[in-house]
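Two complexes come next, and they have one chain in common, subunit A, joined by subunit B in the first and subunit C in the second.
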Partner chain A sequence: MASGEYTSQEYIKHHLTNLTFGNHPEEGWTFSHGETAADTAQMTKEMGFWAINVDTMLWSVGLGLFFIWLFRKVAVSATSDVPGRLQGFIEVIIEFVDENVKSVFHHKNPVIAPLALTIFVWIFLMNLMDLVPIDWIPFIFNELGVHYMKIVPTTDVNATGGLAFSVFGLIIYYSIKMKGVGGFLAELSFQPLPKIFAPFNLFLEIVGLLAKPVSLALRLFGNMYAGEMIFILIAILPFWAQWLLSVPWAIFHILVITLQAFIFMVLTVVYLAMAHEDH
Partner chain B sequence: MEYYLLAAALMLGLGAIGAAIGIGILGGKFLEGAARQPELVPLLRTQFFIVMGLVDAIPMIGVGLGMYVLFAL
Partner chain C sequence: MNINLTIIGQAIAFFFFVLFCMKYVWPPLTAALDERKKKIAEGLDAAERAERDLRLAQEKAADDMRASKEEAAAIIEQANKRANQIVEEAKGQAREEANRVKAAAEAEVEQQVNQAKEALRAQVAALAIAGAEKILEAAVDEKAHAQLVDKLAAEL
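Right after this comes the complex of A and B.
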């Protein structure tokens, strides 16, 4: 626990508060701030829809750039001689993603495999921030005068929602591109029941369609949020108990973060393969 | 009455029941499949982990919300 002056409730809420920048009706463009985390949350609420979580953006974009830089560096210096460890590692990741995409997606589309690789590595990196001890980076930023810093972008529903709705956009785009507007509508309205029940079918299928991005976003968010929550709760305990609990949970969490990144990738590819299928 | 304690208990407990049954059936079937056709184990393992992640997600969300209700509300 970095600071003794908080109660445990305040400590938890402080760790779950984003650094938000927005247009407050009274104070103008500012970072939301307040005496307590609850006050800050209230201020964020008053900023309305156009408030932006600066820390989420910073860390997610930063990690995205790190991913691009790392993979580009390896790709440029790739050699057919004995590869270095880093090249071997990157090749393993690429082959793993490639294998999975090939087993699910049977159409011809140059976008899907890079998309799957990006989703997998990017989400994995964002989830990996969960394993950084929860007080280190917020403490440093606190010393620098920034009082809220949530370093795991995937514990923010805005980030996972953004990812999921981008995938949703691609689903719609490829459905229309492959089948045409008519074909897409026909697919939505003429199954599972016979054609007479078209409005009912349409309603059913649209609910099913909208459930895809929502479940995609909430699954990732929920898992990461729960993991973060438990790390925070462990951090409240006396120091001798922290290692005892934090280490097993972190080891288990390595499985969870990889699995969730992998599932997000696989489901994206499955949904896009479904969008490509013409009946 | 502190109803939020009950709410957290329900969230954690019912989620745990669901996940336990789900992963129990899943693991059993996985072992069954592996015993019948050992050469399919790599394929089955991948699928097993995918479905395990799907089954695991909802109770984990329940744990997160339950912990929030218990300690932070």
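Right after this comes the complex of A and C.
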């Protein structure tokens, strides 16, 4: 940690601030900057919606490209004879995802399984960045003149929200495709209470529907944000004591990052299976 | 936690990753997995078939062996029987031959005895006549006394 330069509070804030490029009301299109992390965060806030977290995009797209590069490489040379180690490893992941999808999703849809695979591996890779010692990469970027660098995209609610609302879009799309607009509205209106209470049902069901992407996004974001926060707090400790806490927490976190990726994948498949089912 | 354009950027990136995965990653990998599954099933099938063939072949070999043994035993038995028969036949022929030779020898002996008897009888008749002539000192009509001499010779 760079405790010589920052107070603990500043250190924590600094680590929780994204590198943001956006349209500031006064300064126009620029990177958020300020004397302190708090000032930078304030500036980002003033930019409102028209800003983009460059670090989140960079790392998430980079990791996504790594995912498709790796899997494509194996897919190109995939053999039905004895597989190599890498192919075996990739096949284990594919079969794991395929089994989970098949146990939940019983309709024919070629999108679902690749979607689940992408979600699982991509989120896992993004979460995995949490295990990189938290100061290494920000330090390198700091030396290069970039002062903010959050390397775990899933600790940014925009990243998890982007995924969750894409899934939400798919839920709406498949609900309407399978049941028609009328069928979908009927499903929302005529249950759980009898038909006379249709407006009340509709309100209830829409809340339930909206809760799906919100819970997806916030569950992943919350878990990863909290995990990252603990790593930051551990990093404030004297350097000789850090490993006592960071090693057990990192080992435990291996479970958390895998589990969160898995939960996001399974819930996505479950929601889409529900969208396909006619009640 | 500000919601900003990043959320849309993420959604777009997600869309392309899923699209790529769906088109270029998932199908070849699952195809390879399915094909391997098929190959393994075929391999197991072939192994089972080969095992069954082997068992059948072994059974057939055992059957053939048993049949050959039986045949061989039958041939040996027949050969033994034939050999015995030949020996018996040979014995029979030898015995017959011996009998025949013995009979011929006996017949010849008898014939010679008869001849000897005839010769002796003739000589006895001549001797008797000569003796009688000497005794009587007189010529005896050979014809008149032939009957008598023959009778004498027959009694000898």
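Keep in mind that, in the parts below, the second predicted complex is superposed on the first by the 277 of 279 C-alpha atoms of A that agree within 3 Å, B and C clash if a C-alpha of one lies under 4 Å from a C-alpha of the other, contacts with A are read in each partner's own complex, and residues count from 1 in each chain.
Here, a contact is a pair of C-beta atoms (placed from the backbone, for glycine too) under 8 Å apart; a residue touches a chain by one contact, two chains touch by 3 or more.
Bear in mind the structure is a predicted one, so any value in this text is a computation, not a measurement.
J.: Put subunit B and subunit C onto subunit A via the superposition and say whether they clash or fit.
T.: In the arrangement built by aligning on subunit A, the partners subunit C and subunit B fit side by side.
J.: When the two structures are overlaid on chain A, which partner does A:56 contact: first (subunit B), second (subunit C), both, or neither?
T.: second
J.: Please work out whether A:43 is in contact with subunit B alone, subunit C alone, both, or neither, and reply first, second, both or neither.
T.: Touch partners of A:43: none, neither subunit B nor subunit C.
J.: So, does A:13 touch the first partner subunit B, the second partner subunit C, both, or neither?
T.: A:13 sits against subunit B, while subunit C stays out of touch.
J.: Between subunit B (first) and subunit C (second), which does A:113 come into contact with in this model arrangement: first, second, both, or neither?
T.: second
J.: With both structures superposed on the shared chain, find the angle between the C-alpha centres of subunit B and subunit C as seen from the C-alpha centre of subunit A, to the nearest 10 degrees.
T.: Angle at the centre of subunit A: 90 degrees.
J.: Is A:129 contacted by the first partner subunit B, the second partner subunit C, both or neither?
T.: Touch partners of A:129: none, neither subunit B nor subunit C.
J.: Could you tell me if A:98 is touching subunit B, subunit C, both of them or neither one (first, second, both, neither)?
T.: After superposing on A, A:98 lies in contact with subunit C but is clear of subunit B.
J.: Report for A:269: first if it touches subunit B alone, second if subunit C alone, otherwise both or neither.
T.: After superposition on chain A, A:269 lies in contact with neither partner.
J.: Just to be sure I read the superposition right, which of the two partners does A:67 touch: subunit B = first, subunit C = second, or both, or neither?
T.: second
J.: Identify which of subunit B and subunit C touches the larger number of residues of subunit A.
T.: C
J.: Which value, in Å, gives the least CA distance between subunit B and subunit C in the superposed three-chain arrangement?
T.: Minimum C-alpha separation, subunit B to subunit C, in the superposed model is 12 Å.
J.: What part of subunit A is shared between its subunit B contacts and its subunit C contacts?
T.: none
J.: Show me the residue ranges of subunit C that touch subunit A in the complex, using the header's touch definition.
T.: 1-11, 13-15, 17-18, 20-22, 24-26, 28-33, 35-36, 39
J.: Quick one: which bits of subunit A touch subunit B in the complex? Just the residue numbers, please.
T.: Spelled out, the residues of subunit A in touch with subunit B are 8-9, 12-13, 16, 100, 218-219, 222-223, 225-230, 233, 236, 256, 259-260, 262-263, 266.
J.: Given the complex with subunit A, which residues does subunit B contribute to the contact?
T.: Those in contact with subunit A are residues 46, 49-50, 52-54, 56-58, 60-61, 63-65, 67-68, 71-72.
J.: Inside the complex, what are the residues of subunit A that reach subunit C?
T.: So the residues of subunit A in touch with subunit C come to 20, 22, 44-45, 47-53, 56-57, 60-61, 64, 67-68, 71-72, 74-76, 78-81, 83, 87, 90-91, 94-95, 98, 110-111, 113-115, 117-118, 122, 153, 156-159, 161-163, 165-166, 169, 221.
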